[in-house]
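For reference, chains read A, B, C and D in written order, and residue numbers begin at 1 within each chain.
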Amino acid sequence: MNTFGVRLRLTTYGESHGIAIGGVIDGLPSGVKIDLEFLQNELDRRKPGGKFATARKESDKVKILSGVFEGVSTGMPIGILIENEDQKSKDYSSVKDLFRPGHADFTYYHKYGIRDYRGGGRSSARESAIRVAGGALAQMMLDEFEIKVESGILGVGKAQTSDMDFNYAKTSEIYALGNEEEMKAEILKAKKSHDSVGGVVITKISNCPVGLGEVLYDKIDARLAGAMMGINAVKAVEIGAGTKVSQIYGSLNNDAINKNGFLSNNAGGILGGITNSDDIIIKTHFKPTPSIFISQDTININGDEVKCELKGRHDPCVAVRGSVVATAMARLVVADMLLLNASANLNSLKKIYSK
Amino acid sequence: MNTFGVRLRLTTYGESHGIAIGGVIDGLPSGVKIDLEFLQNELDRRKPGGKFATARKESDKVKILSGVFEGVSTGMPIGILIENEDQKSKDYSSVKDLFRPGHADFTYYHKYGIRDYRGGGRSSARESAIRVAGGALAQMMLDEFEIKVESGILGVGKAQTSDMDFNYAKTSEIYALGNEEEMKAEILKAKKSHDSVGGVVITKISNCPVGLGEVLYDKIDARLAGAMMGINAVKAVEIGAGTKVSQIYGSLNNDAINKNGFLSNNAGGILGGITNSDDIIIKTHFKPTPSIFISQDTININGDEVKCELKGRHDPCVAVRGSVVATAMARLVVADMLLLNASANLNSLKKIYSK
Amino acid sequence: MNTFGVRLRLTTYGESHGIAIGGVIDGLPSGVKIDLEFLQNELDRRKPGGKFATARKESDKVKILSGVFEGVSTGMPIGILIENEDQKSKDYSSVKDLFRPGHADFTYYHKYGIRDYRGGGRSSARESAIRVAGGALAQMMLDEFEIKVESGILGVGKAQTSDMDFNYAKTSEIYALGNEEEMKAEILKAKKSHDSVGGVVITKISNCPVGLGEVLYDKIDARLAGAMMGINAVKAVEIGAGTKVSQIYGSLNNDAINKNGFLSNNAGGILGGITNSDDIIIKTHFKPTPSIFISQDTININGDEVKCELKGRHDPCVAVRGSVVATAMARLVVADMLLLNASANLNSLKKIYSK
Amino acid sequence: MNTFGVRLRLTTYGESHGIAIGGVIDGLPSGVKIDLEFLQNELDRRKPGGKFATARKESDKVKILSGVFEGVSTGMPIGILIENEDQKSKDYSSVKDLFRPGHADFTYYHKYGIRDYRGGGRSSARESAIRVAGGALAQMMLDEFEIKVESGILGVGKAQTSDMDFNYAKTSEIYALGNEEEMKAEILKAKKSHDSVGGVVITKISNCPVGLGEVLYDKIDARLAGAMMGINAVKAVEIGAGTKVSQIYGSLNNDAINKNGFLSNNAGGILGGITNSDDIIIKTHFKPTPSIFISQDTININGDEVKCELKGRHDPCVAVRGSVVATAMARLVVADMLLLNASANLNSLKKIYSK
């Protein structure tokens, strides 16, 4: 339901226009140094604002309510809270009773018989701020093992790059892995035509030890695919060579091995659902933001055909801020798998329990 | 670990060359008619044999050990057993100590410090016979709600089709959705060159009620993506318009609605992680079988560089039999979500508990 | 870990002397009327204060942060928050490094290598306020099915009652089921001698439908036993005739049945782990509060033998406030089981999904 | 549902008079030596037969179907199978439609609308053979850490012992901890009067490391209580001083500590839900077998009042064989907690992942 993970678990709550959004991260081992500055920085990267994102104003100041004592984790659950500031009751009468195309309005209404129509309620991507906070906490543990997780934009609409320059992405306003100007132009073009545009995100996990992933129904690639597909607006996930594998021969796709390791990485760092220590490469496809400012056909809750005329503020390309969420989800998955793997092998356990 | 699902759970065990493979399906409601002929038929569709699959001989006769009484499910766990027939100890000395490229040998060995090297042990796709059995049992419940799940081959290597003719697929030897002859030729070409080839599978779920999928970390698209990515050899999963969404505008991608329903189906039947009653469309990309009969570079468990020279029998294109497994996984997911959704809404519960 | 329940899940966080305690209740169906007054009343029943409880001052005002819209539940997770008021940093130097006998100090320190020593940190019964809030929310759903859960005190030290008068308990300052004055005297006697005393709580669940409880490892009696034993200070749990059953004959213990139902209730409303519609009767034994104001032998974290000399404020009998927590846990269990049972039977499902 | 445990999971299936009973144990780490003789011996201890148990004939020969290679566990799920031999279709017409008092017939029928009436179907204690097999496999892992789990009978009806001599129990035909002859007489007396009698079991876990148990909703005492209460016929569970704690003062109940450890063990080896390295002591109360050969009042599925006149073979005192099951459940719990604890502390993890 609203909990992600097995041994490291993030539970979240909160709606777009409620009092607050928050969560609980449970299972972080004791002894992890908690870096509050890093935590806030990660949230700032996802924060609304600027030319390329929604104009919603949220400072997204995160509070830690528990689980940290004298600067380190205690092994107890960590309560996270972000108060919603810009949740003033604007006039929702125009969307209250209709189903915005591409949004979850239709399905939430039919499933639950009631919906919080203010800004999409729970289905809004606003909740992802807590995912980012959870991912940042997971990263603090991954840092102890020097595991790194990064994401960047590989394409926006027709503007693509073949670079995978994560340093470039760090300084890019839209987290582009290359070709930033063309991508920006594509976003602004969509925005000017009151429309939105899709995008592709690459996530790279590096320095992962061999052995993460549990057979057979909790493989790390299955978990990552689920994690990414569960992010708002995602419609496709690829690992390693991804969709290309279906068109090629085995002799081309298999990664040969020599003393220094794998000679190629079509596998994307995963064999049999378990990490092989190579970089894990995930490609995540985001659809264009469903909120556009062009008139659309729809129906209302009574079944009458009406026009959907949206006003307000929205991300012209959700993939940009979505890339920060993709990083967070990958961190949560890897940290969880690292914890789960601790009990896979008797020799590992003996290291812990030997006196 | 080796359990899939939340409310309808499939737990499996067994290795490629062990005594038997088996499983337990738990959570099937009482009162479902158990159709043993359908169960065996589904297994026969996945069974090895023929020109386009491995020559391994397995009759795959399935036994039900529990949970069925007088032809209907009792609500108790259903034990499933398939004995391995063709598990005679052939000579494994050539592969025993080396890591076959593209296989899980490397990762299993490093994770567990030991591996059953006979035919890949647990990492072999042989286990998927039990997934198929589990999926068939799930389908018997879905039948009560007239929900249908079908899969077919959309492409093999360079041979593609734009048809989505599931009736055609039913009679096709390789479950092709169209263009069967060209696809067959592509498979035989790979086989003749001692190689293998990838393929794409489409799975369609039709007549699904609105409301299946649990927010926010058990969305039906996330679950399907995880289920499909967890099948052996899968490297990419797409829902609805899939990878295409990242290149287009919102005005093109949003599915408008009128009195008769959705005017297009880029969403692939899912909005906000919840079914909207349209067909669910999933595209699953299988890599070429890693077992090829061409010499490959690898290392052994001592780190020495050696040649991997495989002999034996393998599917030239795993996507073909993989399509049967894709159907099974989709069935398990939909059935689980149907059960989970039963408790989402107080009105639903009142229907059950009213006296 | 810090999550209780399967389909209705309570996740909690927070320490005795942290900023706040809080939780998330997930899986409450949409459409349940949320009664904030009842919620606060339940918390007030558990609140510290008075002659028979600790003198800690907490108003325990609960805030709901999400999941409720226009007075009803939306099916989304409900965030609960209670700020700690009386958490001023008093002087902990006397207990910081020693292990208080009967407390979790020793085990937390050895398990986690660090502990929040302020008032017991996470191991404090303060967390149970959130259990009470969660239980109250669960009860709002149970109200829709007219299921009632009540607890009262059956005994304190040597002062016992054979009454099971839950109306009496409602007006009793110590929730006694009878014989209040003698019980109060027993508590005050322990308090005056700087000691504490144990107590027994009876919890009664009435008007429960037949069928709650999942075989074989999620039986409702197993779940209730785990829930009760997991409450701070509990050391024994009995269902129905409880410990007496081990000394009697089957002919005496079996509950005969006639047209009007069961002729006795030694089973305590549960057969084969499933409710039979009779009252569920649970007896929970609480140990005396481990915090006493008498000098005790212990060691510190360096292994030196020291005296533990506690000062401060503590419940002389934790069973009293514990009875409110027992009610809450029983509510959470029954509500969860009611949701789980919704998918046990095909006929039930057909009622929901019929068009 | 039919799965027990979190990290070490036992899933079982099978009915009393079905083809077979079986299970899957998942999560046993790789590298554990598998002792088939010990496994069979444990099953033989639970096996029916003899003067003090049912006369049902079952050799209970256990087969391992997977997960073991060259004598050690591979980390893969272990399939366990026991064929039912004595399941010949005897005449069930006398009990088919009526609800045997004290049995689960009534609740299974109402919950599922159908029941396998042959010998109680799934609700029969026959399933516990698989628990015993699972517990034996768990013990093989515990052996690596020198953790010991033992059970014995403390009382049968009015015949009690104050000894806790587990060596005596090993050679006792009824696993008595002392006073065997009087207990045997009590069982035979019940048997002769066509009745049955209850009993109490003590389980002792010794040499358990400090730190097992997960806060706050997976405490080891909560888990043990649930595990024991979930065994057929159990109605009460006590830990350490158990029910006595509710009648005494804190000064008497607290276990003081000195350099050599705890000076008493009222806590039963558990503080705050976490093991403190002292012996864990659990007392489990079994009701008398509900199957008795005296006429009883009941109703049938049509609601008619009828007499229940049982014939056949039943344990006069289920506690005897139940004690073997209690050991098994305790083993499963401790092994699971040992695995879970592996990821509690960053220092532990660093021991595993350091290169």
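The rule is simple: a residue touches a chain if its C-beta (ideal position, glycine included) is under 8 Å from a C-beta of that chain, and two chains touch if they have at least 3 such contacts.
On a predicted model such as this, the values are computed, not experimentally measured, just so you know.
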Which is it for copies chain B and chain C: same residues on both faces, with over half shared, or different residues? same
Let me check something: if the centre of a chain is the mean of its CA atoms, which chain is farthest from chain D? A
Computed distance of Cα centres, chain D from chain B, in Å: 37
Cα-centroid distance, chain A relative to chain D, in whole angstrom: 44
Measure off the straight-line distance from the CA centroid of chain A to the CA centroid of chain B, and report it in whole Å. 26
Send over the residues of chain D in touch with two or more other chains. 1-3, 12, 27, 30-31, 75-76, 111-113, 122, 215, 344-345, 347
Given the complex with chain A, which residues does chain C contribute to the contact? 1-3, 9, 11-15, 18-24, 26-27, 30-31, 63, 65-67, 69-70, 72, 74-79, 81, 111-116, 121-122
Considering only the defined contacts, which chain B positions touch chain C in the complex? 7, 27, 29-32, 73, 75-76, 141, 144-145, 209, 215, 338-340, 342-353
Within the complex, which stretch of chain D touches chain C? 1-4, 12, 99, 101-104, 106-108, 110-113, 122-123, 127, 155, 157-158, 190, 193, 195-200, 210-211, 213-219, 221-230, 235-243, 245-259, 263, 266-268, 270-276, 285-292, 294, 296-299, 303, 305, 319, 341, 344-345, 347
